[in-house]
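Working notes for the structure below.
Chain IDs A, B and C follow the sequence of writing; residue 1 opens each chain.
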């Protein structure tokens, strides 16, 4: 049990008829790397903006530590934000940007400069202080934004899809770097993203947002292995979903079930021992090469299609490609099946304790 | 550049052989594209300016009114030695600066409201409202202010209960009228400059702990600065060249434009008028150079 | 009503420059009207001799067209205002198609006449002598003009339209600059220009004056009558000292001036609103201001006045001389004169027009038949270095000097 950095209670934000955030309760622990994941329009960014103070809630309270900051303007909240577009002041040099918050707080010039340079060092831009923002690359600007926020040593750092504008390789590097920086400075990061991979890579916990509500709040592993709803199962990674008639035929039970593609095996014939296994027959309709893995889409005799993913241990995909239009047997372990009840059933133990 | 390329694409699709030659020769392509405007700029604009400067070095025969093409600096000597011209030059520059300052003060809150506070619908309406006065004739507006400042006008009517009178026709009326006339030219560039500033910059400033005043001073004003510079080029140069508004509401005030007009229109002394006309040109060149030094022109 | 419409026309935006010019147009008559100067006009007028240009002795078959260079408002063909049209009847009557070009300043008129592309021109006094001297216009055979005998005698054989008794044109119309005052404020009624000079401080901030260097002549005329020591004989012939005295007088006047006017509508408005209560004016302004209910009167002060007089002249290079003569005769006919004079607001040269004006008191208002009144007018002329009053011991100030001086007056 650690101290709570942020508590949201009954938080709502309505834009006209739209309930962007709908009676949200959430606690974020001190020092946590917390991600808010969801499709666009799911309310995650609005929550972030409510915490930062850029929006006023329609109802509910926001606590930073012990302080109720619900009605306070952004400039009197001990949080800092890294904006999606970085919001670097174009008329100031890099170091002036980083110093801005300290300058506002009337920190002495020498102290201010020293701390700004430290912050730039943290984000590995030590020699870039004199540059103008337009001379920097996207990744460098992103780091300046980070340094500008970190230099103020806020209790909480809010990051609004900060890696969205970067290319894939740079994004991967920055994911790791961000995580390292967070560990080094030890402050709470609240990270908004629509990229599930990003959320899974960096976070201690992830809240999956859908239509202004949290669908599931869990660690990355739980989120992936135990999705609480069809939405989460579909949004975080990919899942094969079986519902109704299909579920009854393939699983033998009523309900909704999900199984991850990499948990499904593909064979030419059914294994001898089928204990604890589900077995289904079908025809390979599509083979998709994905580099590290290959996906096969199998149309089952019993109706639904199933995606099967397997690592490319061969040096060519010929073997896999040859399977197209072949009859195959797909199997998966019964205990790899996730039963998706209603979202309320899918609460995780952490949330109870929080 | 983008536009150039798009135009080329159009050419590529539209035409075959002939234009493909142009296509392969980027120099030729740009040349063809830029020749007509450059001709216009070079011949019509700079040519006229050059002719003006040359004319200022000639003199005029007083009886026949013919220009005598003898090189002389006599006009400039008169311009610099006769005190009244110095007085008028200083007055004109002072008025231009004053009008610019008044416009900047008035334009900023309006532009800020339009760019950052008004709803998109209100924003469109406000842009139209700002532009609307430009549709009305300059003269109609100037005469409207003549009515405002007249002895039986609204200003007198408002001030009388306080024991005050209308300032009448003169520098005050001229400043107000010109500031009114050129205000859209200040609002629009400042609005455009502010509109381009992402809201996130203001949020970032607040997020970093800055109150409204600090944000205004450290972020909003610097970001609006190029707009102010652009607007001031309009307000300053338009004031420098004005001679009509001052005739209508200026009372006995005269500006450089009046001296040019009187010499050219009335006395037909084109050479001296040309010499006087070089003064605002030089002042504006100096002003543009100063504006360039601020770097504001680059971000326009 | 018609007068109203004509006014409106000049108030249009595009006409502002014209309005300023118009001020000059009506103001730029030339040469002093009193016949005090002895000897030939040529000697008086700076010593030039008129070039030997042959005079036409008959009017032959019309050429079918005529190119007219005129002040705005002098040759209306109905395109400005449908009811204002005296060009179409001329075309129907003579078979000469009239191609009218309006000019903005006397200087422009002089320049355009040099091209030889125009047959006739309505020249003001400051243009006439220059046109005669440069040989751009020919002497006019007045025997060929059947309306010439009806022209007011006091306009014939004047210094600005004839050389050595030979007419170089046919008089068109004239007017005087008057002293207008607000009858509610200015009491008793002024009788002297002193009301806007030495006595101007009585109406501080409410005095108005005409905005042109030529207005210096008004000050000079006042000095001529009030300070004989200065030796001013002709308000258009000022040596350096005399000009300096006039400038001093005008600088003192400026302290009390609300504004200078050159757009005559502006003056009407200023008198209506009370921004101006006394100052120089034209008859037409007085009429308009009274028509709009302003409490104003205009008087010809005891010192006399400055004014203008315009003359139709024919080009020495006229390609359509016959149609040109037909036009000069037509435009000085009573019918045409009545229309032009009423439209423009000036006294018609042909006094028979007085019977044809729509406003029967028009000629009385404009003193069209009053030779004594006309004699008190010093018609505006361009000051030149050769003193117009005949002095040869000094160099007079020219119009360029006056322009500079006027700029200094306004400061």
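Here is the rule we go by: a contact is a pair of C-beta atoms (placed from the backbone, for glycine too) under 8 Å apart; a residue touches a chain by one contact, two chains touch by 3 or more.
Keep in mind that what you see is a predicted model, and the values were worked out from it rather than measured.
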Pairwise touch network: line, ring, star, complete, or other: line
Contact-richer chain pair (by C-beta pairs counted) among B-C and A-B: B-C
Separation of mean Cα positions, chain C and chain A [Å, integer]: 89
Centroid distance [mean C-alpha coordinates] between chain C and chain B, Å: 38
CA centroid of chain A to CA centroid of chain B, Å: 53
For chain A, residues contacting two or more additional chains: none
Contact set on chain B toward chain C in their complex: 60, 62-65, 78, 82, 84-85, 87-88, 137-140, 146-147, 150-153, 168-169, 244, 247-248, 250-252, 254, 258-259, 261-263, 265-269, 272
Chain B residues within the chain A interface of the complex: 198, 200-201, 203-211, 214, 218-219, 222-223, 225, 299
Chain A to chain B touching residues, read off their complex: 52-54, 73-76, 79-81, 83-85, 87, 89-91, 100-101, 104-105, 148-149, 152
Chain C residues touching chain B - in the complex, by the definition given at the top: 13, 16-17, 20-21, 24, 46, 104-105, 107, 110-111, 130, 133-134, 205, 211-213, 254, 257-260, 262-263, 266, 269-270, 273-275, 382, 384-385, 398-400, 402-404, 406-408, 410-411
